[in-house]
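Dropping the structure in here first, questions after.
Chain nomenclature is as follows: A, B, C and D, assigned in order of appearance, with residue numbering initiated at 1 for each chain independently.
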Amino acid sequence: MRVTVHRFGMSNPADVSGLRRLIDAGELDPRHIVASIGKTEGNGGANDFTRALATISFAGAIAAATGERPEDVTERVALVWSGGCEGVLSPHATVITRDDSIDAGEGGGLAVSVQRTRAFRPEEIGTLAEIDEVADATRRALDDLAAAPDEVHYVQVKGPLLTPAGIRDAAGRGATVVTTDPNASKAYARGATALGVAVALGEVDRGSLEQASITKALDRFSTVASTSAGGELVACEIVLFANSPAAAPGLRIGHAVLRDVIDAEGVREALRSAGLDVGAAADAEQRERIAAVFAKAEASPTGEVRGRRTTMLSDADINYERHARAALGAVIASVTGDPAIFVSGGTEHQCAPGQAPIAAIVRGR
Amino acid sequence: MRVTVHRFGMSNPADVSGLRRLIDAGELDPRHIVASIGKTEGNGGANDFTRALATISFAGAIAAATGERPEDVTERVALVWSGGCEGVLSPHATVITRDDSIDAGEGGGLAVSVQRTRAFRPEEIGTLAEIDEVADATRRALDDLAAAPDEVHYVQVKGPLLTPAGIRDAAGRGATVVTTDPNASKAYARGATALGVAVALGEVDRGSLEQASITKALDRFSTVASTSAGGELVACEIVLFANSPAAAPGLRIGHAVLRDVIDAEGVREALRSAGLDVGAAADAEQRERIAAVFAKAEASPTGEVRGRRTTMLSDADINYERHARAALGAVIASVTGDPAIFVSGGTEHQCAPGQAPIAAIVRGR
Amino acid sequence: MRVTVHRFGMSNPADVSGLRRLIDAGELDPRHIVASIGKTEGNGGANDFTRALATISFAGAIAAATGERPEDVTERVALVWSGGCEGVLSPHATVITRDDSIDAGEGGGLAVSVQRTRAFRPEEIGTLAEIDEVADATRRALDDLAAAPDEVHYVQVKGPLLTPAGIRDAAGRGATVVTTDPNASKAYARGATALGVAVALGEVDRGSLEQASITKALDRFSTVASTSAGGELVACEIVLFANSPAAAPGLRIGHAVLRDVIDAEGVREALRSAGLDVGAAADAEQRERIAAVFAKAEASPTGEVRGRRTTMLSDADINYERHARAALGAVIASVTGDPAIFVSGGTEHQCAPGQAPIAAIVRGR
Amino acid sequence: MRVTVHRFGMSNPADVSGLRRLIDAGELDPRHIVASIGKTEGNGGANDFTRALATISFAGAIAAATGERPEDVTERVALVWSGGCEGVLSPHATVITRDDSIDAGEGGGLAVSVQRTRAFRPEEIGTLAEIDEVADATRRALDDLAAAPDEVHYVQVKGPLLTPAGIRDAAGRGATVVTTDPNASKAYARGATALGVAVALGEVDRGSLEQASITKALDRFSTVASTSAGGELVACEIVLFANSPAAAPGLRIGHAVLRDVIDAEGVREALRSAGLDVGAAADAEQRERIAAVFAKAEASPTGEVRGRRTTMLSDADINYERHARAALGAVIASVTGDPAIFVSGGTEHQCAPGQAPIAAIVRGR
């Protein structure tokens, strides 16, 4: 297997020119695209439709290039978008291909597996049922890569949230949803899917979880899951990254845990874990070697960062996720020298409270 | 002269408990307070009244301690607040005292001078008249400290903006204001006051300026001015900091220019300029030595940071100043380890476009 | 008893010039001020400090006029502010005086009683304890006016919410608060205080309530309570309005229930209930007779208004309370011809879900 | 010619189920669709991509029904979206068909003509060149309907604004744009296209206009133009509505001028102008006869409404257009009983300052 990673900027959520250029130049075979992970310039909330626009646009562009129908592309390719380009965060996409026809050679490298769960009913979102389905999908990814849990450095999960329509649908059938607030449902959705990853990787014992654990028992978590929720999905998509001897060399992934949203040292540690040792910040040559950075941003649950009060949690104008992404995005970019990084909000059951996962993919020299 | 600098957090814009504690403990003589520079948790826009609340509260607390009337305190002490605690920025105040009865001893140190202009009519805000008044006030500060322009590292100016009431008042008298949009008037007010500092320090030739230069001729600027505008003021307050042989040792100020809002190296350079050489980030002992950091945050005028598109300028939900403060505040805090830093928005005529001033006050060992 | 009602605009939350003019002109005896109910131009959220600024400013102005200390004024006078001037809502204050030395004469008229509860600990906010204290205070008001429950047309309650500091304080003592989200605590605080009024007026049976009823058992409510919560308070203030034979004639109060935020007919009904019959809208002479309008705005819990989907509940940029206040404020002003109306957000246990109370005070001819 | 008007709600900006249902039920021939005018639930600003998503979705659905290519549909059909569903405004579309094969019969009725300008370069947006092109397109519409200017009741124009990409493009070619602020460019674009309509209808003399008139000489305006600007367009689309003897009976259009955003009487006047006389508000039967309402919302340029200060213009959190749309949308809905109304922001050169156009299409009995 050979995995490639291409990152390019987008001038708006419907901009597929970067993707087309890569395909036209023959740098990327559209039939091998298995996932795209990107940022769009919406508000990141329940009413952020930039993700849907980017999904339609990318599915259309890939379909045009492969001759598939757009609906088949969205079944085959994980199109993961996180809304919210606060601070310096730059709208972009990171497109991942996997070519199974390539012999791995020696040394090993970055491997990726994409899996999907079944569709969920609104009343299943944020529940144990979602945990179990995500855990199964994660196990299928491990099998696919013949990878051990400790070779896994990043598991991106994107799943559905509760939309007003879904809430009405459930109510009409007499079914109970975890919350009737669409924006609040994101926390349950992210938490349940993260716990699914944690269960599959052995980080959390499934027997210790009950419904009330979700978003509450925050001492149970995964350190490599990064989950998000959007109104345009009905099933969960899992994109699992590992270093594997079965993958061709060229790219390596590593990860670390961010102590807080200003933990520049955590950023450097993730790069080191992927094989790149930067000083205070990446120099020009090192900057070229950083293929992608994926991180989660979390507002401190106490409201304090390094002993100082922040106002993220009490601000009624700007959602706390937006404050947290703005801060962390800038800190990561100050180390990597590149604002085209994936920083997504909400870390329920992803690292300990206040902490957050970060992963980096680095090119070999 | 001896200057002291005390920094403390605030639980809300009316919280004076930190100030009272310092006074009660005898650490700070309220009669020697000449300025306070702080952040409050409003939106930083024309309708941010947290600055007014903090001003009333601090004036009241100082008056209670000295026996002065509150209105006399606001005449004597420069109370400078910047609204907007985006990202990790923490509401706090930095209170500066100056005691002229203390002999400087040898070695020199931090000196400060506070000056005021006359009150401006609405139609003068953001005009050449404001430039000239601020230049005069800055020259008075240089005289007061017997300082040369190159010993000056930071000049904080806070002046009025155009309020709806002021705009109506001018219109009623047939006078023309620079803009009828209160939020837009901040740019003119900040630009004119920065040019006033630049003229006094010899950074810009007064003869080269005309009314149309303000906010337009951005190649003329000061690298040490930091200016802001608030609806609660009618005159400008200038707080000029320099290192001077006439001041007692203990504190030193330095400054640098930030290339962009993720310029962590610029932060380190400002600390070095003040005598503190940190590695990637300050360690625990170094952190204690950092008495205050003052910086300006600027959205890149091209919309790009390090070659990547940001969305600060096109975002209709969050003002670009808020994006910029969130980013820079986090980057500074990632170096200093302390989110209680003063980061204020808008850099018209303060460094070259896209760049911004940063100053640091450091304690000696 | 004679009650007067004076309404005037404010140019900012610290503007007391309208109040001063009334006092200086002898139209209003500051010693007789018992309450002020007004709107300030903040965001209406947990971080809206315009209420605190207005409170400090009004207390100071009244104290300057009467010779009291400001802290005694805030004990004696209920200063009730609702933040959020969305749409056309205009910042203003309605100052209410009560002079017990005046003989009522015949005919009866508007009567008012102001009462206070004890201070609450953070863990009591939004609980049964708060219900009981508010019920007691409401009963004291009924006694004070010798009024029957059906003579009561409006009961304004303002109480504390959970601030980040209060949440930390409770956590430090091992006490449990109803929610750790400051903005979310407003719902509990408003609900509990409304139920307190409902219990005292016989609208709800206290025995039917348990802790879990608060914000959940929404079929129990008052139709005359209007409650709000702010971070600047520790106790609840109750301002109860009734028509009473014991009050001098001149003003009458009435009320109605708004079916939704575009219920212009409900507005007309409240005016009729107070003795003013307008056609489609008040004419110039009728407009002069409307002394004050107090209403609550509620986002439809289904998200729908008149069978059409609205986006209030799914909007992550603008809080649903702000959408609701903007809509209702404009509809009321389109009937009364005056945007200086008190519209406050959040109707937990104030009328049936989706409905809201409205009261009007009208001058006799 | 026969014109039909169908209005239906949308559950999100990509929801075409309402359109599909009408087509599947045979109520609407997709080949006869000439325009769709609707509201989407974005922020209405330069970074509102819900309009683009709705456009892609509607073009795709019409193309699937007619067998056309989506790009041909967007050439043939005017897809006009206004972002921003503040207050009660409900996301919806009003689809207009025109069938030239139908004989008009007698009595006359609603006629519509859709025209397009050429594409504009960024430096032409908001200039005299745009005025002239829009005037030409408007004259073509008058010719198409053989209508006199006084038979025209509503002219919807949607044109391009300045995007960051367009601004960079112009800068790269050394061309000057009217403003480098994307959000600010909306005012110029709306103003120029409104003046184009005014010139064609004889409301404004073209010879009296120069470049500096645009957004400044506000005493020149159209009372029937309603213009908006979006980043997804490069040319202007004009949809002109008139009552014409050449159109089949069944629908009538009328219009009025709104004095301010709470002018309920103006709403009633527009309905009367279209033949529907409601009392204070439409009753159930009258409500059914209202086919569509199109209006513009304007913040008062003085900041005052009926002599009271509003905070629309000084609010840094919520754009003034959003305040104005929230207010007017609620007032219109309070009269019509239906929140699915088209209210769009910004009235530069559309009625006198502070006033705004409103049009209504009413079904005959």
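Quick notes
What we mean here is this: contacts are C-beta pairs under 8 Å (C-beta built on N, C-alpha and C of every residue); 3 or more make two chains touch, one makes a residue touch a chain.
All of these numbers come straight from a predicted model, not from anything done at the bench.
The interface holding more C-beta pairs in contact, when A-C is weighed against B-C, is A-C. The chain with its Cα centre farthest from the Cα centre of chain A is C.
Separating the centre of chain B from that of chain C, both taken as means of CA atoms, is a distance of 40 Å.
The mean-CA centres of chain A and chain C are about 46 angstrom from one another, to the nearest whole unit. Shared contact sites, meaning residues of chain B that touch two or more other chains, fall at 11, 41, 43, 47, 163-164, 309, 311, 314-315, 317. Across the complex, chain C meets chain D through its residues 9, 11, 41, 43, 85-92, 261-265, 268, 279-281, 305-306, 308-312, 314-315, 317-318, 322-324, 326-331, 333-335, 337-340. Touching chain B in their complex are the following residues of chain C: 11-14, 41-43, 47, 49-50, 52-53, 56-57, 163-165, 231, 317. Those residues of chain A that touch chain C in the shared complex are 43-48, 163-164, 168, 181-183, 302-303, 309, 311, 313-317, 319.
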